[in-house]
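Presented sequentially are two complexes of subunit A, the first with subunit B as partner and the second with subunit C.
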Partner chain A sequence: MADDKDVLRDVWFGRIPTCFTLYQDEITEREAEPFYLLLPRVSFLTLVTDKVKKHFLKVMKAEDVEEMWFDFEGTPLKWHYPIGLLFDLHASNTALPWSITVHFKNFPERDLLHCPSNSVIEAHFMSSIKEADALKHKSQVINDMQKKDHKQLWMGLQNDKFDQFWAMNRKLMEYPTEEGGFRYIPFRIYLTMSDRPFIQKLFRPISSDGYTHTLGDLLKEVYPVAISRDDESKRYQVVIHGIEPLLETPLQWLSEHLSHPDNFLHISVIPVPSD
Partner chain B sequence: MSDNAESPTETQKDEPSTPQQPTEDLGTADEKKKIDVLLKAVGDTPIMKTKKWSVEKGRTVQSLSQFISRFLKMEANEQLFIYVNQSFSPSPDQEVGVLFECFGSDGKLVLHYCKSQAWG
Partner chain C sequence: MSSCFLDEETFCQCCQLLLQHSHSLCDGWSWEQVKGSEEGYLRKTALGTGRTRCNLDQQGNSSDQHQERTFSLSFHNDDEDDDGAVCCIQEESSSSSVVQYEYHILYSCSYQTPVLYFRASTLEGRSLCLEEVWDSVHPNYRQRLQHRPWDTITQQEHPLLGQSFFVLHPCRTEEFMMPVLKAALDEHRQVNYIVTWLSVVGPVVGLDVPLSYCTQVPEPPHTPSSSPQPPSSSPQPPSSSPQPPSSSPQPPSSSPQPPALGTKPG
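Let's turn to the complex of A and B:
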């Protein structure tokens, strides 16, 4: 049986084989070959695609190049969402490699945030961690850390250093023994067909009478549609890091082991594919 | 990411002189669709004359930020930082309704705003 710590490594080192193709209307000096890359599930598109940019810039003139952005089957991909989430949400049941289209023009202002530099990614990442700790520990743990500790979390992610990251992150995963878990669980539930971006609410991992809440309990409370009744066939898949955890899994355990580096559980609810 | 609303659609409320229940809503605010936001200035950032606003749940942080910038007649190149709980800066596309649900207290969401980075 896998050790719990092995789960942390499996999550961190998850990769998605991706094929980047230049958008057909981009102006090139010669034909652009597709570029293949293994993307880390837990990172962000703009942090790990310098090679992609370099590759396509070789066949383009500087004046034809603006901020790079990506789409999958026409849907602009939000760089500020973790890569694994984007894949699970949009491309779960499609063939690998994940086919992403690369653009250098006509940035979709209404759909995407700009990402002029890595410091923007860092700021976003750190804000997410702070928000998560506000929910877990009333910000006490993150506030007790020094600036260099915060930097270590970011550097760990940026440089794909599991040990460096977790040396700090483990503090964010602790809780007073008598509490039994975090104050509230940082989670976001993403739906493929919805007008709102995601569901995020206050939800305790342990009830006031000591009952351990499960993933199923969370869904029943905030998105009961995701759980099919016994008498009907399954309509939705509840996916975290590309897998469907059992609904009986304790939410506290999921938060400690299947959160993204930003300390949030990013959960995709997608329709079961019709064959 | 740009936002649809050009001008504030939220209902303006006068700040009470003593801490108490907010005054009556002037507009046709559906209780379920709007939330109360209290804006607090940080440091020497100008203080808004009206601090209490009734904002639609689906309004984004960016939209609110643009509104505050216009209200304070800030320059185009000036940045505005918004903070929740005096600890984190929400993503520009975050909906205020979600922030209210998770971080609201006493029936309102307190947001701090600053022209420079206050809490990193």
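Let's turn to the complex of A and C:
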């Protein structure tokens, strides 16, 4: 049986083979070759695609280049969502490599956030961590950390340094023994078949009478549609980091081991593919 | 966040009371309900003024060939690695123009506070960028925001609509709400959390809150579990709602006072 710490490593080092193709209407001086890259599941598109940008800029004039953005099968990809979440939500039942289209014009203003620099990614990342700690510890742990500790979390993610990141992150995963877990679990359930991008609610990992809540308990409470009744065939997959955890898994354990670096459990609910 | 919290039910009640007054003033607020749930938000559109870059086309591209394309926001100090092509705002090339604003007031369960989301566009339908939004903030407020730009107004995804909005970050709400709530409690005044909060954050982003809101909108009927708690360093007495001492005189007032806490509002 794998050690729990191995799970942390497997989550951190998860990769998705991706093929980037330039949008056909972009103006180029010569033919643009596709670019292949292994994307880290736990990072963000705009943080890891400098090479993609440099590759396509080689065949384009500067005046034809504005802010880079990506789409998959016509859906603009939100860079502020972790890469693994985007894949699970939009492409998990398609063939690898993941085919992403690259754009340098006509930025979809209403749908995508701008990302003019890495500072913006850092701000988003730290903002999520702070929000997660507000839920887990009433912000006490994050507020007790120094600025350099916050920086270490970000640098760990930016430079793909597991040990550097977890040296700090382990503090955010602690809780008073007598509580049995965090105050509330930071989670978001992402839906594909809804205008609403995600569901986020207050949910305790341990009930007041000491009962340990499971993934199934969470779904029954906040998104019961995801769980099929016994007498019907399964309609939805509940996916975290590309896998379907058993619904009996304790939520506290999931929060400690399958959260993203931003300390949130990002859960995709996608329709079971009909072959 | 152990004090100054607002639970979701009280949020909804405060919003409904604000809404009633808005209807009487034709002030334009509406309540938008999320399909199939209890959740919702307040919404209002308004025309205002803002500073926009006048020489941009529909996509926000500069038609002026001599426009500088360098990254030089004055309050950035640690950015060495960006290679994005972001226009620099030159004061002389932006001008005052009519801007269409859309404001949403949502509830954040993580911070247990309201949050103000907004977006802005020119009358031609071009969305304002963050720099233009900055420039549109009244000079009186600008210095306060400039010290920590990424902590205050940022671009975020609207959690219910999934679209891009600007947001006033909620983590500092406690700082300004705490003294107000405490003073109101000490003076036995009614406070509608949303009205008070909006009167502080709204003007920063061009949203006016007429004075009558503060005098005419009551507090929702409160029970001990739902009222905003004043800050305290000692533990709260168990489940007792704050009561004015029976022998104290009414506080002096220069304007008509609503009934003291604990009684039903009109």
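Some notes on this structure:
The rule is short, and it goes like this: the second predicted complex is superposed on the first by the 275 of 275 C-alpha atoms of A that agree within 3 Å, B and C clash if a C-alpha of one lies under 4 Å from a C-alpha of the other, contacts with A are read in each partner's own complex, and residues count from 1 in each chain.
Rule of thumb we're sticking to: a residue touches a chain if its C-beta (ideal position, glycine included) is under 8 Å from a C-beta of that chain, and two chains touch if they have at least 3 such contacts.
From a predicted model like this one, the values you see are computed outputs, not experimental measurements.
In the three-chain model built by superposing on subunit A, subunit B clashes with subunit C.
Residue contacts after overlaying the shared chain place A:Asn143 against subunit B, while subunit C stays out of touching range. Counting residues of subunit A touched by each partner, subunit B versus subunit C, the larger count belongs to C. By the document's definition of touching, neither partner reaches A:Val59: not subunit B, not subunit C.
Contact with subunit C, but none with subunit B, is seen for A:Glu67 once the two complexes are overlaid on the shared chain.
In the superposition on chain A, A:Glu131 makes contact with both subunit B and subunit C.
By the touch criterion defined above, A:Phe107 lies against subunit C but remains apart from subunit B after alignment on the C-alpha atoms of chain A. In the superposition on chain A, A:Lys201 makes contact with both subunit B and subunit C. When the two complexes are overlaid on their common chain A, residue A:Pro116 makes contact with subunit C while staying clear of subunit B. Applying the stated touch rule to the two superposed structures, the overlap between the subunit B and subunit C interfaces on subunit A comprises residues 80, 109-113, 123, 127, 130-131, 134-135, 139, 196-198, 200-202.
Residues 1-2, 58, 84-85, 87-93, 95, 98, 101-103, 120 of subunit B touch subunit A in their complex.
Taken in their complex, subunit A has these residues touching subunit C: 50, 53, 65-67, 78, 80, 105-107, 109-120, 123, 127, 130-131, 134-135, 138-139, 186, 195-198, 200-202.
Contact residues of subunit C toward subunit A in the complex are 1-2, 34-35, 59-61, 71, 76, 78-79, 81-86, 109-111, 127, 129-130, 150-151, 154-157, 159-164, 169, 171. Subunit A meets subunit B in the complex at residues 80, 109-113, 123-124, 126-128, 130-131, 134-135, 139, 142-143, 147, 150, 184, 196-198, 200-202.
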